[in-house]
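Each chain gets a letter, A, B, C and D, in the order it is written, and its residues are counted from 1.
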Amino acid sequence: MQRPIRNIIKGENPIEKSRLKPWQLKLHEIIFEADTVAGKTFDLALLGAIFTSIVVVMLESVDYLNAEYGTLFITIEWTLTILFTIEYILRILSIGKPVYYIFSFYGIVDLVSTLPSYLGLWVSGGHTLSVIRALRFLRIFRILKLGQYIDSGKIITKALVTSRHKIIVFMFAVLTIVMIIGSLMFLIEGDIEGSGFTSIPRSVYWAIVTLTTVGYGDISPTTALGQTLASILMVLGYAIIAVPTGIMTSEMISANKEVSNHRARSCPNCSFEGHDDDADFCKKCGHTL
Amino acid sequence: MQRPIRNIIKGENPIEKSRLKPWQLKLHEIIFEADTVAGKTFDLALLGAIFTSIVVVMLESVDYLNAEYGTLFITIEWTLTILFTIEYILRILSIGKPVYYIFSFYGIVDLVSTLPSYLGLWVSGGHTLSVIRALRFLRIFRILKLGQYIDSGKIITKALVTSRHKIIVFMFAVLTIVMIIGSLMFLIEGDIEGSGFTSIPRSVYWAIVTLTTVGYGDISPTTALGQTLASILMVLGYAIIAVPTGIMTSEMISANKEVSNHRARSCPNCSFEGHDDDADFCKKCGHTL
Amino acid sequence: MQRPIRNIIKGENPIEKSRLKPWQLKLHEIIFEADTVAGKTFDLALLGAIFTSIVVVMLESVDYLNAEYGTLFITIEWTLTILFTIEYILRILSIGKPVYYIFSFYGIVDLVSTLPSYLGLWVSGGHTLSVIRALRFLRIFRILKLGQYIDSGKIITKALVTSRHKIIVFMFAVLTIVMIIGSLMFLIEGDIEGSGFTSIPRSVYWAIVTLTTVGYGDISPTTALGQTLASILMVLGYAIIAVPTGIMTSEMISANKEVSNHRARSCPNCSFEGHDDDADFCKKCGHTL
Amino acid sequence: MQRPIRNIIKGENPIEKSRLKPWQLKLHEIIFEADTVAGKTFDLALLGAIFTSIVVVMLESVDYLNAEYGTLFITIEWTLTILFTIEYILRILSIGKPVYYIFSFYGIVDLVSTLPSYLGLWVSGGHTLSVIRALRFLRIFRILKLGQYIDSGKIITKALVTSRHKIIVFMFAVLTIVMIIGSLMFLIEGDIEGSGFTSIPRSVYWAIVTLTTVGYGDISPTTALGQTLASILMVLGYAIIAVPTGIMTSEMISANKEVSNHRARSCPNCSFEGHDDDADFCKKCGHTL
């Protein structure tokens, strides 16, 4: 029953498939699916291309590497950009209603992460645009359709979705704590010479840095009162991490059960469900499974 | 059975409701409840006003923004303060026994977060007082009465309440560890030139910073012995985070069960709800389920 | 069946109780137990004295406070030391076999945390000794015998004891990771001018600081290779925190069950156990509980 | 059924055992097993030697200690190296098919962690090689065959293996977040004078330092926009730690159950073990339990 949603995300529409010409069906199988050898090969090649492209984006930003290997980077980048463009066009061609793909999540990611290279030709400030190519990383999530990762992804997503209300309530509590303690800290340390607590937003930023136990140390309290308040905030942050963890774990346990139950065999005699994978006989009536 | 407590917190008293005049009942519905369109609209408008007000409090504290937009900030602030004052008066008017609201948690928050603006007119040092307005953030928790967040809030609160004794025991263990290791550290590094461990309170502060894995780095050990002790403290802090997490998770799982059970089967005889999944008879009247 | 162990820890021996004279029994009740009003009052007074004493130890170490209030601190300290000494003697007097108390955990803590004040009179370097008084904090755990904390303490202790083998295996894995990555880091960054990785022990210290997500920043990698290795270590530390948490949580859940089962009522008709606290009828056979 | 794998890891082959001469069998018992007194003594002696050797490797790298005790370190190191070499040869001699041991995990660790000392004699840059000896720490995991640690190790390993797909999906999500937020940060703070965000790889490194809540503080945002983005990243890192924890805990609970179930009821007909608590019939032969 989750198919429709996945289809929207992936930009597919099974009903339209029958309208496709044979070469489109073949192409669809290679590009969108991962059940055939050709499909898997395509996915792995795409994975390699995406990784290479991201490494180039990263290395290009390192000044001394760009000075040395600039031409190489540009060559690789343009080769991959052209390949990604061809891939994008083929994806549109191999689908019944292209509009489904174009406005799907991955369709937009595909476009947005390819465009910047072209825009850089006309628009100045290409430097800025090229960074957007890092979004290509999102495309890697397509490989999750490979094999065993579908179930894992489903369980994690299911647990996150089910627990969203609790997570939001928790987030509000966190926000309230950092707002109030941040403001208090501004009161306490705000007027001290050389203190980092120069405004409430900065103090709230410090409170977030502290509560989440990141602790850069770029701003830190210097008065006894400030350090006491900071200690309370730290212990609070250390303890309340248990809340999202507790939420997530309890959801994960039930998500785990539910997904694994879908595979559960039922006894042909007494229809009892929930047999172990290695069971040969029903544990309730002793009938052969 | 949790109603009375919630009523005290929210400052309501259902018995007194009948004594209210029609216009008071209508006002009560809009201001205190969220089941009608008018009630929801009021809640959302209030939410927006609170957020705006908090943003203004924060930005006012940034010197260069205040220099530029100071007048705008004051205008917004006073408009909102007057609206909050009207809201406060309406809340008192629309309730049977106003004293219930005035001395409720939210009643005090409402008053305390509105007063500072007025006090700033007569008292000097308004700067200090204005920070108290950050308490307005607490008012946002009223929106939790909107829809699905009630259950989530209940589960989290229930898990926190049930596990409070364990959390307190854990907190004492943490306090003992930081006290003893902090004192030891003062012994080890206290006499070293330029060391940050100048007193036991500061050393205990460092121990808290370390145990909670915040790690500002404003104070850090420099001797081999000090770094060894610090390493032990870090590994300890890294490992014992598992304790509150374990406590919370096990409570969350049972809180989850209990709340979801309340929606489960109800007895055909006495209509009692909250039976276990494996129950064959009603646990209240003994009738077959 | 855990009584004997608790008796050893608390230095009590129930069999010897009958030999005590009436005044000793009365004293025992006040000092060692918390069921009577006198016992509770004594515990609370002791708690207050311990807290005061610890605060004095801490403040004494702050130079400018000691300069100002030195005499006050010494007065309080000596008053409390004498009271603690009297308490220690009374504890010995009020017990059948004093040797049980003297060599019990709390007996040693009581002695060791009182002695330093006296030793300071004859021995020079009292400064060093006085820090040992921070051990008094351990005495606070006696209050855990008050009411609901016993169960909480039992569950936490039970979970820790049951999971000790897993925690040790985990600790060895952590130690192996920090040893190997620390050594690698020394190889990579050891020869760089101004690097903090001057020896393997320091590099291992850095690895612990990083893996436990403390991150002081007193030592941090500067080369690309070093930062890559550090990134791997961080993600590892971020992920494997899940291991002790998982261990602890699963133990906590079963410890919780076991302790709460001890209170479980069983049906007088079908002897089914595991009824909820609010159940009036057996959920299996419908019989009155 | 897990035996074959463990044999490959430990380099043993039970079938070949019968071909061994009596002295080889005796040696095998001492060196590879831990059930006899001699075997346990050997294991403990080896443990001591490994620990000593690692301490020497660490202390050797501290310049002033090496200047003082250099000769002592070299003496200990060579004594232990020769003992480890003898041990390695004895291990090969006491096994039927030595090739099984030599190419096993521990066989390679044994060789690789002993060789560097010898290579240092001929090859210059022995300093670099000697660090590899830190791998000796891995050998300590052999002691896990001692007693109660086997089960604990099994449960942890089982939980890690079962949850690997979910952990990989989670890691990809983490990688995506740090890539995208790192790139954004480079856009925002990259052009600021004295900023640490000089390239995308460095910004991604910063994002990892922040998301994992390590927070060195060697690079930290200075603009308001940068600090806002950093705050989001921190809260994200603080919250999503709940995901691996949830995954691990749910697996740990079921791994715990499974391992403890193996000790539960066994079928009176086919003696199959590992039945669920609610099973009435053997799941392998259908016989009544």
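Quick note on the criterion: contacts are C-beta pairs under 8 Å (C-beta built on N, C-alpha and C of every residue); 3 or more make two chains touch, one makes a residue touch a chain.
The UniProt protein names, listed by chain, are A, B, C, D = Ion transporter.
This structure is a prediction, so every number in the text was calculated from the model and none was measured.
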- If you match contact pairs by residue number, which of B-D, C-D or A-C shares over half of them with B-C? C-D
- Item | Most widely separated chain from chain A (Ion transporter), with each centre as the mean of CA atoms | C
- Task: Determine which of the two chain pairs, A-D or B-D, is joined by the larger number of C-beta pairs in contact.
- Result: A-D
- Item | For chain A (Ion transporter) paired with chain D (Ion transporter), centre-to-centre distance based on mean C-alpha positions, whole Å | 28
- Note on the structure: Rounded to the nearest Å, the gap between Cα centres of chain B (Ion transporter) and chain D (Ion transporter) is 41
- Task: Could you list which residues of chain B (Ion transporter) touch at least two other chains?
- Result: 170, 201, 213-217, 237, 241, 245, 247, 249, 253
- Item | Complex interface listing, chain D (Ion transporter) residues touching chain B (Ion transporter) | 213-217, 245, 249
- Query: Which chain D (Ion transporter) residues qualify as touching chain C (Ion transporter) in the complex?
  - Reply: 54, 57-63, 128, 131-132, 134-135, 137-138, 140-141, 144, 148-149, 151-153, 155-156, 159-160, 167, 170-171, 174, 201-202, 205, 208-209, 211-218, 237, 241, 244-245, 247-249, 251-253, 256
- Query: Which residues of chain D (Ion transporter) touch chain A (Ion transporter) in the complex?
  - Reply: 165-166, 168-170, 172, 175-176, 179-180, 182-184, 186-187, 190, 198-201, 204, 210, 213-217, 220, 224, 227-228, 230-231, 234-235, 237-239, 241-243, 245-247, 249-250, 253-254, 275-276, 278-288
